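Across the two complexes that follow, subunit A remains constant while its partner is subunit B and subsequently subunit C.
Right, the complex of A and B next:
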């Protein structure tokens, strides 16, 4: 186990190295010049060159990269050019908002989708199954931005029940973004748990479990579902990771002050330090979550060996 | 010889445990209807071990799972009744039949590789029976599960292991331990050794014979292996195309097979005493259960077939107290 953890840590470091290279190159390939944006209209070439020099942008890419990596290793994520403050502070102020939104979404999504999938899979071809499948189909096939706009129209504009922007409205603020993100997530989770249940319920050992005189609900929810749960855990982990990296569109529509919005601004402003830090952060987040998912799955299913 | 007579006499007096009367079951799929059972009549007495033989698709397993009322959703019971200890199985509530399953009637499955849940420990899969039917708590049940494993020849400390950590033969032992956990009145073994290699087969059969004797459990042994029947059972019922066509004590049926199909089955066995070039095979294929022959289901393959066999279905005829057959050739 200890050996496994060290191995995984090593792999994570390698992954993060590549993420840092790609993040570094991508934003520079995107074109545009942060110095130009900072200097504003009517700046002279000399002024722009001066800003470039102060940001270190006049140096070769390789030098820039190693400076950047060196700073990160010393715990310095750099300074955001667009917000004029340290990147670390920015991320620390925004990350909790994204974390809250992602956690609430995953929590509600699972509470709804897993039972729905289990019930639909256990009663294949019934009315419940039909509606569960329809729910999943709609959730997956409608784009989030479309759903978000429709929800805002119905619940904010038309009914006036819920706020459509920001997170000042307390619990109410969460409802629409969580519905938007949660429907998509629970659609996938419903489908995966449903098909897992259908596969499992055909197994011999399920007939054998029924033959032991165990209540059908226990057979399904305990003895069958534990066989179907690993793909569900993997999927939920992936969705959680995606949401932690910031859901750019949904956060933008609902003006949610999270990482997604930050990334949106950072890219538009060619805020190199901020973009790099955010991409590195989402890479790290994915690595941590995948690691957790692998550990959980190996505990659930003894056939999965950690190597 | 003395003993043999005794058991024969006492089997007459034995109480009936299971009585299946004229049971018919069909499976419906989108394309066809399969007539799996077509009027099965069968009696199992208390403490007796009955072998149910027949080719693949004859309806052996369907008969067994009907008894537990575990038929899949696409199956329909189109007629007949099943009595367990005098109670009608079909009229039991869900709760009543559930209390019988695993406790009074236990089943050992054909393929030990697929009939154990891969994500639960073997201990848990045995212990759950004791928790559900005996009201034991977790620790007591797990301890009892360990003792059951010892009885089937597996060290008790292995309760915490998963099925994947056992070989096929060991897994079938686990299946047997689960089968006998609640000391059932009836143990159904559905081809318990088919998936195992020959040396392991012998061990498993010995184990089952031993346990059955010790616990005085009734045994319904489903198999297509006549050797297993002669070793393990007192009674035998031969099934063909969803009907019992011959029934009696193993000794009597094997010595004087009355139905042409049973004779064919016995002749198909290699005989070490006679010199034989080739084994005898029953001509033709097993009856198509989607499209059953008229009259006696066996008539297209029977060398003694008459006009009457093509039209009428023969009922069971009593030859003597220990032997019944469904064939017109034995009418007086």
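Right, the complex of A and C next:
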């Protein structure tokens, strides 16, 4: 087990290293010499060269990269040009809002989708299965922005029940964003738990448990589901990781003050330090969640460690 | 499975058939109707701003789906935007298949260091969520259709690669591959004429779903003004235009959303149907 954990940890660090290289290079490619921007119009070549020296831009890329990593490890993510404050503070102030939205969505999605997937998978070809599949396909086929627009139209404009922007409305303001994100997530979770159940229910050990006279409900919800659960855990983890990095579209539509909205502003304002930090953060979040998911999966299904 | 059984399975699969029917109708509408309407997708008309849909009260002469805040005919915009999205989706999926399958074949067939390098590359691309990577790259490259295609392909070939690799590893151990090797066939010959035809099933299934996903991602980027730039129409930027007028002129956002939904739905139906049709276990 310890060996497995260290192996996965090593892979995570490698992936993180490359993600940081991508984030670093992408912003360097973004064109526009930062020194020129800082110096403003009418600066002489000597002044620009001076600023380049002070920023370390005259040094080789590798040296610049290690400086960048060194700063990150000390918690210095640079300064946001559009907000005029340190990127780290900005991210820390927005992260809780995104975390709340993502957690509620994952909880809602799992409570809805896992039972639906189990029931649909155990009764393949029935009416319940048809509606579960339809629910999932619709959820995957409607773009999030479109779902959001329809929900706002029905519940805010037409019925006037729910607020459509911000998070000041307490629990009410969570309903529409969570419905939008949760439908997409539960669509995927329903499908994957359904197909996992179908595959597992064909296995010999299921026939054996039936033969022993165990109640069909116990066979399905305990024995079969435990074997089908690993892809579900992976998927839920991945969705959670993606949402933690900011649910850009939904946050933009519902004016949710989270990381996604921050990224949207950063991109529109060409605030490259902020874009870079958010890119790195989403990679890190994703890698850490994936690592956690693999460890959980190997605890649930010990066969995974042997691969 | 012979051709007759395959056809029979396709016809009897409700999802597959509805997907095909929706897709064919959509394609026909997209390519025939723009020739019938007298409006252009990008011409503003300040006298006809925010007109409600007239449906077919005046045939195609009226604004069937109404006009937007600049007086442009929404039907024309939905159709022209749809053509662009369809073309982008097709091109992107084609490029993804070529890159992904080749990389997957190489990784699965040669194994060892080639496999490790390609698989780690996949991990790195998968390590950043699609939309976020797409936004960052588009912000750097600037919005244009070519850049959009590059971004979509860059994030999308990975699934084809991973799937092909796993299938190739199985196919490589099959007797026909070993037999080819024994009679002295070259690696390229074995990879492309012996193994590739045996791993195409999954590629077809994924391709039909990726088509819808590419269109979804394209419209998400266009929604954020990072994809197809105004005044050129796209379903994404039409929803974005319309969402500010939801209170008063809801039809601006609705038409594009419905079109997008039917298109992606058709693509998912076809993919899902094919999964059942082509899977011997499911019958």
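FYI, the second predicted complex is superposed on the first by the 254 of 307 C-alpha atoms of A that agree within 3 Å, B and C clash if a C-alpha of one lies under 4 Å from a C-alpha of the other, contacts with A are read in each partner's own complex, and residues count from 1 in each chain.
Heads up, the rule we're going with is that a contact is a pair of C-beta atoms (placed from the backbone, for glycine too) under 8 Å apart; a residue touches a chain by one contact, two chains touch by 3 or more.
Remember, predicted model here, so these are calculated numbers, not experimental data.
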Combined model on subunit A: subunit C and subunit B, fit or clash: fit
Touching partner for A:273 - first (subunit B), second (subunit C), both, neither: neither
Subunit B versus subunit C as contact partner of A:212, first or second or both or neither: first
Partner chain(s) touched by A:235 [first = subunit B, second = subunit C, both, neither]: neither
Partner chain in contact with A:101 - subunit B first, subunit C second, else both or neither: neither
Angle, in degrees and to the nearest 10, that opens at subunit A between the C-alpha centres of subunit B and subunit C: 80
First (subunit B), second (subunit C), both or neither touched by A:29: second
First, second, both or neither for A:301, with subunit B first and subunit C second: first
Which of subunit B and subunit C A:227 touches, first, second, both or neither: first
In the superposition, subunit B vs subunit C on subunit A residues touched: C
After superposition on chain A, the shortest CA separation from subunit B to subunit C (Å): 9
Doubly contacted subunit A residues - partners subunit C and subunit B: none
In the complex, subunit C residues that touch subunit A: 15, 120, 123-124, 127-129, 131-133, 135-140, 212, 216, 219-220, 223-226, 236, 239-240, 242-243, 246-247, 250, 253-254, 257, 260-261, 264-265, 267-269, 272, 281-282
For the subunit B and subunit A complex, residues of the former touching the latter: 65, 68, 70, 98-103, 106-107, 109, 111, 114-120, 128-129, 132-133, 162, 164, 175, 178
Contacting residues of subunit A [partner subunit B, same complex]: 203-205, 207-215, 223, 226-227, 300-303
Subunit C-facing residues of subunit A, complex: 11, 14-16, 18-19, 22-23, 26-27, 29-31, 133, 137-138, 140-146, 149-150, 152-153, 157, 198, 202, 241-242, 245-246, 248-249, 252-253, 263-264, 267-268, 270, 275, 278-279, 282-283, 286-287, 290
